[in-house]
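Two complexes, one shared chain (chain A), two partners (chain B, chain C).
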Partner chain A sequence: MAYVAVKGGERAIDNAHAWLAEARRGDPAVAEIGVDQIEAQLGRAIDRVMAEGSLHDRGLAALAIKQAQGDLIEAAFLLRAYRTTLPRFAASAPLDTEAMQVRRRISAVFKDLPGGQVLGPTTDYTHRLLDFALAAEGIAPPRAPRADVTDETIPSVNAILAHEGLIERDAGSSGEEPADLTREPLAFPAGRDVRLQALARGDEGFLLALGYSTQRGWGGTHPFVGELRVGEVGVEIVPPELGFAIDIGDVSLTECQMVNQFAGSRSVKPQFTRGYGLVFGHAERKAMSMALVDRAMRAAELGEDATAPAQNIEFVLYHCDNIEATGFVEHLKLPHYVDFQSELETVRRMRADADAAAIREAAE
Partner chain B sequence: MNVASGYNFAYLDEQTKRMIRRAILKAVAIPGHQVPFGSREMPLPYGWGTGGIQVTAAVLGRDDVLKVIDQGADDTTNAVSIRRFFARTAGVATTTHTAEATVIQTRHRIPETALRQDQIIVYQVPQPEPLSRLEPSREETRRMHALADYGLMHVKLYEDITRFGHVSISYDYPVMVDGRYLMAPSPIPAFDNPKMDRMAALQLFGAGREKRIYAVPPYTSVRSLDFDDHEFRASRAPHACLLCGATDSYLDEVVIDDQGGRMFVCSDTDHCEGRRDGT
Partner chain C sequence: MAILARAKLAELAELLPGAPALPDYTVLRGPQSGLVMLRGRAGGGGEAFNLGEMTVTRCTVRDAAGGVGHAYVAGRDGEQAALAARLDAALQSPALHDTLEAQVIAKLAERQAARRRAEAERAAATRVRFFTMATMRS
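Entry: the complex of A and B
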């Protein structure tokens, strides 16, 4: 009987998993890809998965990418599900990104500035022509020129502008432990710490589109890239039993300081406002989008009309998380026959009522 | 630690369970009120029942007997998957028999067999906010609940009646709990709503993605929203189950050919099998 066909979920699941494993491996005549190869050669994928998975671990990110067959949202989900099982030891001291070991640092607002412009390993000026030489394996790239590493601190553009009072100053640390979305549910009004955490974990595509929308007039912020820097930063924690900071390792970060339209009032002289982006790994598109959206969400705080999607804090925060979004969108493929059945009965009843009414009208 | 899994009993660590239990206690104390909780990322996707799974994990003990249903059935793929998850991480006994279970996790149905005082039913909830389709902002709906300002929902029902002659909501039909809070019963068919009223079992609701837990304590009034002159009416397909002949159970409609052929069978598979076995 037909009804039997919808039974047997248990065996179906086992078979599906077996097929998935086979599909993941692909043609066995082709060498299996190593996690080390993914980690070394698919760096931008690793960066994205670490950022959206909220876990700085290149090795685990590589494993997740392999397991997810290169589906980066699925990979970020794997990292998140792992991350949630880890104990939380401490909140770090505020990172000192001026002490970043930069491999790239550019400013779009000053031609030259202390620390200089450092292009680094960027695709910005590559011509997007498919490089067929890459299809042939075993050709080593020419060695890039070396320069001496300096450990000088590179002041941020904001610090430079702040000398003249031209830009909002850093608020400085409140000393309070920042909120953590992964432990406490989102509540409104949401503080900037919560907003920035949500954006840092948020979907790159969603933030890109929202940031882009502000540039097209949906909540414009008149942005300039004050600076964008990419590199390694030391992370420090202050264990209460020690009372002083210890370095627990480095993280790769991309930081974007966006300089935005000025605001002022009778009591505050006109000054540029700021949007901020900070993302794990090398993720310029994400950091810039984050800075645009962060600034857009400050509209109400800065006395601007908040009418565009990017300025609506609740809208942005509830929808930027791609693990939540993909779950709820994709859950539509789970069985809904009970609900659909009740809708069917309701629609049938309404149609019958409509028919009966039509007959009554015709009779009158 | 447990069953070769390397994870804590029922997957979640004890701290997290304690946080969830606190939310559950608060929810039981304020029937129908949505309590925000620090929902964790689970190894199953949001939308698959992460809220229900967290609630079940927090209430499950070693001696519990767990039943998991989806669309009323124990053998739908997601029910199988969740039951396996707990069999693996908690090693608890599982059953498909409603009467044998101490904890029942469900998606979209309430079993036909009346539940007892020594049972807990855990609902998976996709959208805990009953006002969400009328007012998208949670900041606003929170204020509406605080003021018991449910006029918007009454207007919606009234408009349905003037337009269609009936309320057009057929599942997730809003209920008033203990005369105070408007509550989403989760997407169960409206047919199941009357079972919630003064139910002997504790009813717990978990929404993982939306990070809310709410509850209906045993023997609490749960009234489907209606008007004096337009009373709530539970409806089902007007047929008898082809397998067990039941005329009072909720039915699945199964398409058997491409000529408009249909058959109707109980959605609650355990109920149907029990009737056929004569138990």
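Entry: the complex of A and C
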């Protein structure tokens, strides 16, 4: 791809930026939106920007959303750019999702399980009717009721499922350093560590469509939600100057254990296998989609035929990142004057050749 | 340190005036903001993978009593990290430890526990109580 160095247009660009700033502010008669308001009241947008920007920081996500005028992909792009300006201090110990302070936890496979079905602040049972009361400001919401806490910790459904040996267990850890997409470019074959990192920061819409495609028969795996949990998890690091683990705060996460029917193969007995989703923030659609696609990409490992798009690891990983995708699609707006000139020349020559051939044919 | 890492600047600013003054100090490092790469485990218990990063601010101070204090706190608040490091240093001084523990750390811990409890109680109120329709047949 050849780019032309284009001079000129500086004033037009400056003026465009000034107008952008004015347009972002909107009608000055309407109060300016505060970053704190975005952070407090547009939580799901914050969560999506943190997940796809691959940076857990609610305040920065709110600022990015304000700057991007609510364009969430642009906001995630801003976070990705910002993170490159910061040094990395450490990698955390693997997050202990079992010890999560659970806000919501449901299972679609077991009705009565230890810890129970905890709905949390869900939209699942709302009627999706526009609530015009929200358009009138100053109406205080009802206070969320409270009840006595019976289970201090809610055990992971994994342990319960593994009980009979009918469900695949986790492979266990070799203790090896996982690959890191922020340090090394994507390479194939891509291990599950690379795949999960790419999915965790992948585009929600793309993964939703791919997950949906597996349900509709394009690499079907007959999934059940084994468990979905949302809440806060403590983060532990071991700073070299201290030499022991310290807790540095909490992150909010959504985790999905998808359970899939599996007929078995030559090497593995019939059992249920699992796909895994783990995403920043409260992001159930994304975590479920991630788990579906994670399981689909394990086709080759489990001896299944990989025929559907969601099972094609290269296809999924090369296209799930919306920052890369938007960069390549949107770069088409940049000047391609020389490219296009050369193509124009080629098409003119081809047409002249075709015209000449037609005249020759008519003469014969 | 876990309690200080979760203490917002406003809370520290509110509790510190009621406690003995923190010793003078010199900053050895920071406050400096950076990143921590968060890791998960495939399937919840398998091989580690890189999930994404979070912002963290760190600070190290030495105070007049000779204590070296460290802080790593989630987010980008340099003042919070510096205060947390000064408290970490002061808590090493036998003269200050017990009063700071009682007047700052214990109170922070109490508030944090209350917030966690409130969250757990709201969750508990949304726990489904299944009931089964029983048929009465004679």
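FYI, the second predicted complex is superposed on the first by the 339 of 364 C-alpha atoms of A that agree within 3 Å, B and C clash if a C-alpha of one lies under 4 Å from a C-alpha of the other, contacts with A are read in each partner's own complex, and residues count from 1 in each chain.
Convention: a residue touches a chain if its C-beta (ideal position, glycine included) is under 8 Å from a C-beta of that chain, and two chains touch if they have at least 3 such contacts.
Values in this document were obtained by computation on a predicted structure and should not be read as measured data.
Should the pairing of chain B and chain C on chain A count as a clash or a fit in the superposition?
Verdict on chain A: chain B and chain C fit.
Using the superposition described at the top, determine whether chain B or chain C touches more residues of chain A.
Residues of chain A touched, chain B against chain C: more for C.
Scan A:83 for contacts with chain B and chain C and give back first, second, both or neither.
both
Now for A:59: first (chain B), second (chain C), both, or neither, which partner does it touch?
After superposing on A, A:59 lies in contact with chain C but is clear of chain B.
Touch test for A:117: chain B only (first), chain C only (second), both, or neither?
second
So, A:31: does it touch chain B (first), chain C (second), both, or neither?
Neither partner.
In the overlay, answer first, second, both or neither for which of chain B and chain C A:10 touches.
Touch status of A:10: first partner only.
Considering only the touch criterion stated at the top, classify A:23 as touching first (chain B), second (chain C), both, or neither.
In the superposed model, A:23 contacts neither chain B nor chain C.
Please work out whether A:186 is in contact with chain B alone, chain C alone, both, or neither, and reply first, second, both or neither.
So A:186 only meets chain B here.
Would you sort A:326 into first (chain B), second (chain C), both or neither based on which partner it touches?
first
Just to confirm the value: shortest Cα separation between chain B and chain C in the superposed three-chain model, in whole Å.
When the complexes share the chain A frame, the smallest chain B-chain C C-alpha distance is 13 Å.
Using the superposition on A, tell me which residues of chain A are in contact with chain B and, in the other complex, with chain C.
Shared contact residues on chain A: 83, 87, 182.
Write out the stretch or stretches of chain C touching chain A in their complex.
The contact residues of chain C facing chain A are 1-2, 5-6, 32-56, 58, 60, 70, 72-76, 116-128, 130.
List the residues on chain A that touch chain C in their complex, please.
Interface residues on chain A, with respect to chain C: 50-51, 54-57, 59-60, 83, 86-95, 97-98, 101-104, 111-112, 116-122, 144-150, 156, 158, 169-174, 176-182, 192-194, 196-197, 200-201, 234-235, 237, 239, 241-242, 246-251, 255, 257, 274, 276, 278, 280.
State the interface residues of chain B toward chain A in the complex, per the touch definition above.
7, 13, 36-43, 45-48, 50, 70-72, 75-81, 107-109, 126, 137-139, 164-166, 168, 170-172, 187-191, 209, 211-212, 235-237, 243, 250-256, 263, 265, 267
If we count contacts the way the header does, which residues on chain A are in touch with chain B in the complex?
Residue positions touching the partner: 2-3, 6-10, 12-13, 77, 80-81, 83-85, 87, 182-189, 314, 318, 323-324, 326-331, 334-339, 341-346, 349-350, 353.
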